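Both of the next two complexes hold chain A, though its partner changes from chain B to chain C.
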Partner chain A sequence: MSVQVIFLLAFGLAAVWFGIVVFRTHSMVRSALALLFSQTAVGAMFLVMQAEFLGVLQIMMMATEMSIMAIFMVMFMMDPGGLGEMDMKHQRKLSLWAGIIAFGGASGLALFGDWGPIATQIPDAGEQVRLLGIELLGRSMLIFESAGLTILTAMIAATSIAVQPPHRPKETPDKSKEPYQVHNHGGAA
Partner chain B sequence: MSSFVLIASLIFATYGVAVIEEWVSTNRLRLAGPLISTLRLLGQENILPRKSDRLFFEVGPVLLLIAALLSLAVIPLAPGLIVTDLATGALFFNAALAYVLVAMIMAGWGPDGAYGMIGGWRFLGQLIAYAMLVVMPITTVAMRAESLSTIDIVNSQEMLWNIAYQPLGFLLFLFAGMAMAFVPPFDLPVASGELAGGVEAEYTGVRLIIFRLGRMVLILSVSSAIVVFYLGGWLGPFGPDWSWSMIKILGVAALMLSGGRMLPRIREATLLAWSWKLGIPLALANIFLVGVLVLVVPL
Partner chain C sequence: MTLELVVTLIIAAAMFGTGIYGALSQTNLVMIMMGIELILAAALLNLVAFWRYLHPDAIEAQMFVLIVMTVMAVEMAVGFAVAITRFRSRGSVEMEEAQELKG
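Showing the complex of A and B:
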């Protein structure tokens, strides 16, 4: 067994372990960061498999994304710190079956899928970046740009829904009866 | 030999940044200052707050230090004086520093204290402001070098440094880098005058030493990146290459730490508004401009 395979297994196990931690903890923040480290381990697996750009990109993107998810969890959950020992598992039977079917499907695809000829020579990391750039600006450009535009549209739509109208007509003119007032100053982060 | 020189230079530079930091914040130059502070903190009681998230509390400062050290791994001080020359070096630098955010959230959340928590989440807001302004100027630097390798980026500046070739990108990257290293005026996550130290508030003793060391290495890493991306890295008229890197890096650190203090602290919402409404259009214009320059005047 080569060193590469050992590292691949180690990072794979780490990814699975952190994935389990996501559901074993009571704290939403711990759960979000466990998911982050699971994804980071997947990024490390890409690095071991000499897909340098993909690995670094995965490690970079996940840090920000999972942190943003964590703050949304803190904002929307009543017990984000898990002091009330909240259970992370819901709809157990459904999730169990969904998990088994998804695992079976993915394993079946991995084992019996036609992967084409196996690459015997891996281009060096610099060449990989160049080839990826050519791919993104060639054959995959339309798909890539469509995905980008869709995400942008969703972002603009979500922001416009979230922004409060600046001059909302007040229902009760008597200010003393209002429990609190909301001003739109752009909101503190 | 070269790895010894590399490690010694990095330790020296980190200490230098700490001396400059103390100098600009207290207006007193004490060469033994950081050493005395460290000894003082070593004698301090290691307080563990009640009901803390112990794991996050302990891991936060260590992760900050590790992320900053990892980002230094792709910074060349001279040809051959680099930990690892990755083909995706410029991207890796950014990937490593993304974990500064994770460390700040952990360190802010861990102690279960209001000031720390506000500081930690504030840094997330700050990241949303600066992240694009770090990545987009790096894109233009890589466009000119036609490579993401930091060594290639320095070599591409042999004729003309990037600060002259793409000054707009330099300014954007400088401000974004300052926000990334949370130095004044972007020090809201640890604002001592307002949040009693923010993320640092609940840390004492050895944990505070690790946190502050991590921050010094982070400032060093950002200054080094500015030097590599915009100030020609090790390129200089005479003398050994590494000495030019060191002079430039410490100069940039001094500029960031002293210059920032002359500006008022920027509120998070204002920073976000400026970054997205002014910064990102400017960064996009810079990409377009440099794209045309690279095609028309390839220096």
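Showing the complex of A and C:
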């Protein structure tokens, strides 16, 4: 067993364990932190697989994303600390079986698939970033620009959905349009 | 030997299964989003493993990883916007209380 496999196993088990902790703990803040650790372990696996740029990107992005998630948890939950041990699950059996079947199917494919020999030589970190930059601004530029445009659209959409609607004053009924209104023209004074 | 690839794929499968369980079993919108994040992380892991162990010369695979990361960011942004609107109008992000959204 190579050193790479040992590190992959260690970080992989950490990623899966923290992924399970996300749904086991009653505290929402702990859930967000567990997800952060899980995603960081995935980033560490990228580093073990010598994808340095993607590994660092994953860790930085997830650290920010999960911190925001923790803040939202505190904002939205009645019991973010989990002291009341609220139960927030439904359809447990169905979910458990769906998860087990998904795991079994994907593992079966991984174990019995004919993957052929694995590559031993890969471009070094600097060369990878150079090639990725050329790819992004060359053949895949349309996809890259579409991704940027998608993020911009999502930002505008998210802001428009979340913005506080303007406070409208209560409409007062227009009395001049009432059918049986008695008009006083000043003659009876 | 494909042990490295198989180990990575099995770990990704375990994360995928955990994510499916979480997305289906949780009643809170933010927790459902956490399940979806785990599913997308499993997809990322598969993409990087296939690039590293099968086609290291095809740098386009890393492009796919960037696209999946974009999807993760977009999902978070729109999901939180929906959560804010829901919390403002109903005072809760519990999906059990969102029965009126049923068609």
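The rule is simple: the second predicted complex is superposed on the first by the 146 of 189 C-alpha atoms of A that agree within 3 Å, B and C clash if a C-alpha of one lies under 4 Å from a C-alpha of the other, contacts with A are read in each partner's own complex, and residues count from 1 in each chain.
The rule is simple: a contact is a pair of C-beta atoms (placed from the backbone, for glycine too) under 8 Å apart; a residue touches a chain by one contact, two chains touch by 3 or more.
Computed from a prediction, not measured in an experiment: that's the story for all the values here.
Novice: Identify the partner contact of A:132: answer first if only chain B is touched, second if only chain C is, both if each is, neither if none is.
Specialist: In the superposed model, A:132 contacts chain C only, not chain B.
Novice: Considering only the touch criterion stated at the top, classify A:20 as touching first (chain B), second (chain C), both, or neither.
Specialist: In the superposition, A:20 touches chain C alone.
Novice: Does chain B (first) or chain C (second) touch A:31, or do both, or does neither?
Specialist: A:31 sits against chain C, while chain B stays out of touch.
Novice: Look at A:60 in the shared chain and tell me whether it touches chain B only, chain C only, both, or neither; answer first, second, both or neither.
Specialist: First partner only.
Novice: Scan A:142 for contacts with chain B and chain C and give back first, second, both or neither.
Specialist: After superposing on A, A:142 lies clear of both chain B and chain C.
Novice: Examine A:76 and indicate which partner it touches, taking first as chain B and second as chain C; both and neither are also allowed.
Specialist: second
Novice: Looking only at chain A, is it chain B or chain C that touches more of its residues?
Specialist: C
Novice: Return first, second, both or neither, reflecting whether A:3 touches chain B, chain C, both chains, or no partner chain.
Specialist: neither
Novice: Which of the two partners, first being chain B and second being chain C, lies in contact with A:45: first, second, both, or neither?
Specialist: The answer is second: A:45 touches chain C but not chain B.
Novice: Based on the A-chain superposition described above, do chain B and chain C contact any of the same residues on chain A, and if so which?
Specialist: Common to the two interfaces on chain A: residues 53, 57, 68, 128.
Novice: For a test of understanding, state which residues of chain B touch chain A in their complex under the given definition.
Specialist: Residues of chain B touching chain A: 51, 53, 55-56, 86-88, 91-92, 94-95, 98-99, 101-102, 105-106, 109, 112, 121-122, 124-128, 131, 147-149, 267-269, 272-273.
Novice: In the complex formed with chain A, which residues of chain C make contact?
Specialist: Listed in rising order, the residues are 1-22, 24-28, 30-31, 33-35, 37-38, 41, 44-45, 48-49, 51-57, 59-60, 62-63, 65-67, 69-70, 72-74, 76-78, 80-85, 87-88, 93-94, 96.
Novice: Under the stated contact criterion, what part of chain A meets chain C in this complex?
Specialist: Listed in rising order, the residues of chain A that touch chain C are 1-2, 4-5, 8-9, 12-13, 15-16, 19-20, 22-23, 28, 31-32, 35, 38-39, 42, 45-46, 49-51, 53-54, 57-58, 61, 65, 68-69, 72-73, 75-77, 88-92, 94-96, 98-100, 102-107, 109-111, 115-119, 121-123, 128, 131-132, 135-136, 139-140, 143-144, 147, 150-151, 154-155, 157-159, 161-162, 164.
Novice: Could you list, by residue number, the parts of chain A that touch chain B in their complex?
Specialist: Listed in rising order, the residues of chain A that touch chain B are 27, 29-30, 33, 36, 52-53, 56-57, 59-60, 63-64, 66-68, 70-71, 74, 81, 83, 124-126, 128-129, 185-189.
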